[in-house]
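Each of the two complexes below includes subunit A, the first together with subunit B, the second together with subunit C.
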Partner chain A sequence: MFDALKGFGVTFSNMFKKVATEEYPEIGAPAAPRYHGRHQLNRHPDGLEKCVGCELCAWACPADAIFVEGGDNTEEERYSPGERYGKDYQINYLRCIGCGLCVEACPTRSLTMINFYELADDNRQDLIYTKEDLLAPLLPGMEQPPHPMRLGDNEQDYYVNGPELARDRGVPSGETVETSEEKAMQ
Partner chain B sequence: MTMAPEEPKVEVPEGYVKLTIDGEEVIAPKGELLIRTAERLGTVIPRFCDHPLLDPAGACRQCLVEVEMNGRPMPKPQASCTMTVADGMVVKTQRTSPVADKAQQGVMELLLINHPLDCPICDKGGECPLQNQAMAHGRADSRFRDTKRTFPKPLPISTQVLLDRERCVLCQRCTRFSDQIAGDPFIDLLERGAHQQIGTAETAEIYDAASHTASGKPFQSYFSGNTIQICPVGALTSAQYRFRSRPFDLVSSPSVCEHCSSGCAERTDFRRGKVMRKLAGEDPEVNEEWICDKGRFAFRYATAAQRLRTPLVRNAETGELEEASWTQALAAAADGLAKARDGKGVGVLPGGRLTLEDAYAYSKFARLALRTNDIDYRARAHSAEELDFLASRVVGTTPETGVTFTALEHAPLVLCVAFEPEEEAPAVFLRLRKGARKRRTKVVHIGQWTTPAVSKTFGELLACVPGGEASAVEGIAQHAPDLDEALRAEGAVVLVGERAAEVPGLFSALHRLSERTGARLAWIPRRAGERGAIEVGALPTLLPGGRSVEDAAARSEVEQVWGLEAGALPGTPGRDVTGMLNALVTRDLDGLLVGGVDPADLPDPALARKALAAASFVVSLEMLPSEVTEHADVVLPIAPVDEKAGSFLNWEGRRREFSITLEGTGALPDCRVLDTLGVEMDADLFTQTPAAAAGDLARLAPKPTGSAAAPDVPNGHVPKAGDGQAVLATWRQLIDEGTLQIDEPHLAGTARPVVARMSKASAAGLGRRVTVSTERGSVTLPLEVADLPDGVVWLPANSPGSKVRATLGAGHGAVVTIAAGGDQ
Partner chain C sequence: MGLEENLPNGILLASLEKVVNWARKNSLWPATFGLACCAIEMMTTGGSRYDIARFGMERFSATPRQADLMIVAGRVTQKMAPVLRQIYDQMAEPKWVLAMGVCASSGGMFNNYAVVQGVDHIVPVDMYLPGCPPRPEMLLDAILKLHAKIQDEPMGPRRAALRAASGERTEIIPSSVKYAKK
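This part shows the complex of A and B:
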């Protein structure tokens, strides 16, 4: 008799406690700011791609989830500063284990991870993200490649003056082009 | 008590020396380089400039070791790639000597001072000797804090080869290769000191003008791809492979080149079912470590958009080719062929690019399913004399009994007749040049002008009028007694090319010359499948293994092996290519089964077209749409070499086997298609796979050669040109409009200029361009003066703007009309 009341007591007291349930997916649940979610291929402040198609990410990947093929930039058709760009870029999220070794391997800080984590689908094909899916959105002041180098004469200028170029384009101090893009995604 | 075993006293043989490397005693042949002796012991000394097939240079200084002679150490570390072994030498490599190790680290640090940190975008990254050795023998960090020397990059030194001077470590492998091996010294060291760099004639000007464009005379060589392969850094890269993949993406498969008859070893690298590049394989007996640019770069034909991938059958109502299933197409082909066979008969033109196994399937299919000897693989100029020559002097020769690459290198004299080694068989050219450079082989060419091959083999030209080669050979005894004497020397070789078929009496004259002098005679065709096709009997007079169709005993032997009734094989020789085409036009032949044959290659393209149109039924086994498929009633797609296994016989008669590179593409080899077609026609070929075909062929052991009668045809009269006429000399350039070179713009850009050549006297008054014409058509080309005999004009046979057979309908030795071509 007393035990039953004790049981209802637990239920009753919980009614006044903070609700731990998250209304997902109706309301959504943002991940922690540094969460390793899906990848993003970043851009230079003028919109040119940072990826040079070097395949170091594919090399570093322990799950063989990344496919890259490089391409040759020409004066008429330029996607990144310098000679080489990533012509084909695919990440297979059926394979990706989110370890982030690819991000560490990237020599141009083109590949980073944003905290988007909704990587589920009802077919395999859609989980192979292509370059169009992975490229960062165009921020104000950016221009869709192919276009000539707007911020320097060669790729050296882009890399050496990277932070200043970002400031000039309105990226606040203490933030990089990448972090501001992450915010733009949310 | 155990006794220490007595140190065995090692006898040093004559011509050898004893030295100590890292405390280990070693016996080495005199003259061996220290770096190789150490390598035999298992100690790899880092190096960049050293290459076993190039002369020592000591350019990069990476291989420094400590050397002690007669108890006295040398004051400084020595380069082990230039120092030869000596008796009593004591050598300490980086393994035991801190001095050598520090010296190597220092050199590496210096090399890296100006080397850019662009490994992520460099094609060599991942397979780079500099990367590897910097990891193994370099310092962990650099002390250099200043600005690196930079150059505009890349600098195209030809349409194919790109030079990145920042990455260069000045090892001079490329310049030494071009100078020593290929003989095309268009690339060299320029400037001095910190400005020293690799460049070509026009980059020297650029350097002064500080502009970034290249113009003028490019780096022109048929072997330029080798410089890319031996470059120990990423300074030389190819436009074709640029940024395409990384070594860890690639699956490598050993392969054999499908272009010329040398059968060079190659390595095919592919990624996700697509061939990315081909590299030279190593085979000291054949191509050493070099291949020509055609073998290296011409492979995209297999991925061409127009490639045939499904069978096509001609719709009887609309007259159009329509896609069909294999079952439908094979049934239609079998039906039509059986009807034609039971009518006037079917001829077979397999073409000269088949593997041994595929050619065997054609040969067996012709005899079993079509019951005919009307089969001839020679998709080029041909003659009955050539047939006799092939049956008596070529079939059945092997590297053990015949001439080999090594024999060419060691020969005291090589006589090339109607054969242009650099254009027709580049690996042969490299061996001739090596022999001439290293062993003083005398190379004599009977041709028309001093071609690059003549000068680069330090050769002598015996110029003759095209068509006059036979008389020139006959005249050797009388007019060139020293050459006659040299031909009697042990090991002398005579090489003859495919062009000989256009000169009546030449094969007979060469046979007599070889009988008279004892010089060995080798026939070097231009296509990879020609030698194998002879061996398997894809000729109207031969059965597999060099058996004559007229020999009843040989026939019954083949009948037994093939499980036929006695007398099932036809005993009369068939028609040759021209015979078959004529018979089709006159309706003495109904059907035609064609492999990879381009009518424009045949001696009379107009006749070929007429015959194709006249034939009542044509089956084409093709990879790419051609003039034959336009006329075909059934087109059956077949696999390119990368997608099948098989073997080629090279000109030496050496079997060059290769396994399948790209598996699971669904493309079928000719032997499989013919086997299934045979089943439809109630003939069992047992050639379902290349392995099965090879096994079946092996049951027909080759007959010893020499049973057939040698050709004996009198010399044709030497063509004479009248006023306003000239005798045409023509052969194909290595890089031209060949079907297997489609989709290769970078390679096409490295072709030799397309020009006509005439002697100074004959060219007088013609201006800068010349028009060469026959009643069929005309070719107009820029005119260049060369040392041809008067009244002779030379044209490239199949280059852009100069398709001699297709346009003029003429060949080597024909008389053509000459006129001024006007200035453009």
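This part shows the complex of A and C:
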């Protein structure tokens, strides 16, 4: 006879317990600091692109989601320090499995991942992200390429003095240009 | 889609369309079509932590006739394709399809002879959700974007033709931006 009341008692006592539900769309999009979300193509502190068009990311990709086409830098039209830059860069997010092997393969730390993951779309075309979609936003002190090398005479200066150059541009100590933009959302 | 198609033009008002679409989007019952690991995330989305019941969708229906939305979660093999199509055909109009995960959307990393390279080869897909597997928040985001599309859906062939002629499309906004606390 009292069994029903006992059952309702369990239900009733749950009214005073903490709610486990995460109020997702209202609280923003939470993710761990190193979550594998969307990719980002980073820049040097003066705005030149870090991508050198080597295609190692495309070779590392187990799902064949990345397409890269390199191009030659000229003195008049320079996109990255050194000889070559990524002329065309596409990631197909309907193939990408977010494993991060491309990030591991990247020799210049050009390709990293950010926390953004709300990628759903209603057509396949818009989910192929091109270079314009993937390039990091211009931080203060950065200039839209093409422009000459501002922080050194050749690409060696960019790679050897990378951390100091970043610090001069106001990136806090212990962080890189990449991590300053991928702060975890609370 | 049903009765509204036979009504003469000019009787239905735009506000009725809004009411009907509001009712449809707020009790969108999903058909479970879990095929692989994405289904685990889909079940998690139905659990208390992510609580899909907040959007009127907690009733995952095992019968296609009572379902409005087919969430294809996982890779579809050539052998599964006719089954999927049959389940889709058994669902009553209006119906929508959500391709969850890269395998359902495009074949993903399984670029081989056994796996269908995108479920849109078999059924019309309304929302593509990348990720391997997508986390529950991503599924909720895709569902909310689909809700926005349902809300803008034209009623009847005449209004659909008008909308197609105007070239209007529902804007896809990330849910955490759209529903951010002011």
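Note that in this section the second predicted complex is superposed on the first by the 179 of 186 C-alpha atoms of A that agree within 3 Å, B and C clash if a C-alpha of one lies under 4 Å from a C-alpha of the other, contacts with A are read in each partner's own complex, and residues count from 1 in each chain.
Going forward, a residue touches a chain if its C-beta (ideal position, glycine included) is under 8 Å from a C-beta of that chain, and two chains touch if they have at least 3 such contacts.
The structure presented is a predicted model; accordingly, all values stated were derived computationally and were not measured.
*Asks:* Scan A:24 for contacts with subunit B and subunit C and give back first, second, both or neither.
*Replies:* Only subunit C; A:24 stays clear of subunit B.
*Asks:* Check whether A:77 is in contact with subunit B, with subunit C, with both or with neither, and answer first, second, both or neither.
*Replies:* neither
*Asks:* On the A-aligned overlay, A:97 touches which partner chain: subunit B = first, subunit C = second, or both, or neither?
*Replies:* In the superposed model, A:97 contacts subunit C only, not subunit B.
*Asks:* Residues of subunit A touched by subunit B versus by subunit C: which partner has the larger set?
*Replies:* Tallying touched residues of subunit A, the top partner is C.
*Asks:* Looking at the overlay, does A:127 come into contact with subunit B only (first), subunit C only (second), both, or neither?
*Replies:* second
*Asks:* A:88 in the overlay: touching subunit B, subunit C, both, or neither? Say first, second, both or neither.
*Replies:* After superposing on A, A:88 lies clear of both subunit B and subunit C.
*Asks:* Considering only touches as defined above, state whether A:118 meets subunit B (first), subunit C (second), both or neither.
*Replies:* second
*Asks:* Does the superposition put A:69 against subunit B (first), subunit C (second), both, or neither?
*Replies:* In the superposed model, A:69 contacts subunit B only, not subunit C.
*Asks:* Who does A:168 touch here: subunit B (first), subunit C (second), both, or neither?
*Replies:* A:168 sits against neither subunit B nor subunit C.
*Asks:* Name the residues of subunit A shared by its contacts with subunit B and its contacts with subunit C.
*Replies:* In subunit A, no position sits in both the subunit B and subunit C interfaces.
*Asks:* Along subunit C, where are the residues that touch subunit A in the complex?
*Replies:* The contact residues of subunit C facing subunit A are 48-51, 54, 102, 105-109, 111, 118, 120, 126-132, 134-138, 140-142, 144-145, 149, 170, 172, 174-176, 178-181.
*Asks:* Residues of subunit A touching subunit C in their complex?
*Replies:* For subunit A paired with subunit C, touching residues are 20-22, 24-30, 62-64, 92-99, 116-124, 126-127.
*Asks:* Once bound in the complex, which stretches of subunit A touch subunit B?
*Replies:* Per the touch definition, subunit A meets subunit B at residues 52-56, 58-59, 69-72, 82-84, 87, 107-108.
*Asks:* Please give the residue numbers of subunit B that touch subunit A in the complex, ascending.
*Replies:* Going by the criterion above, the answer is residues 120-121, 125-126, 153-154, 242-246, 248-249.
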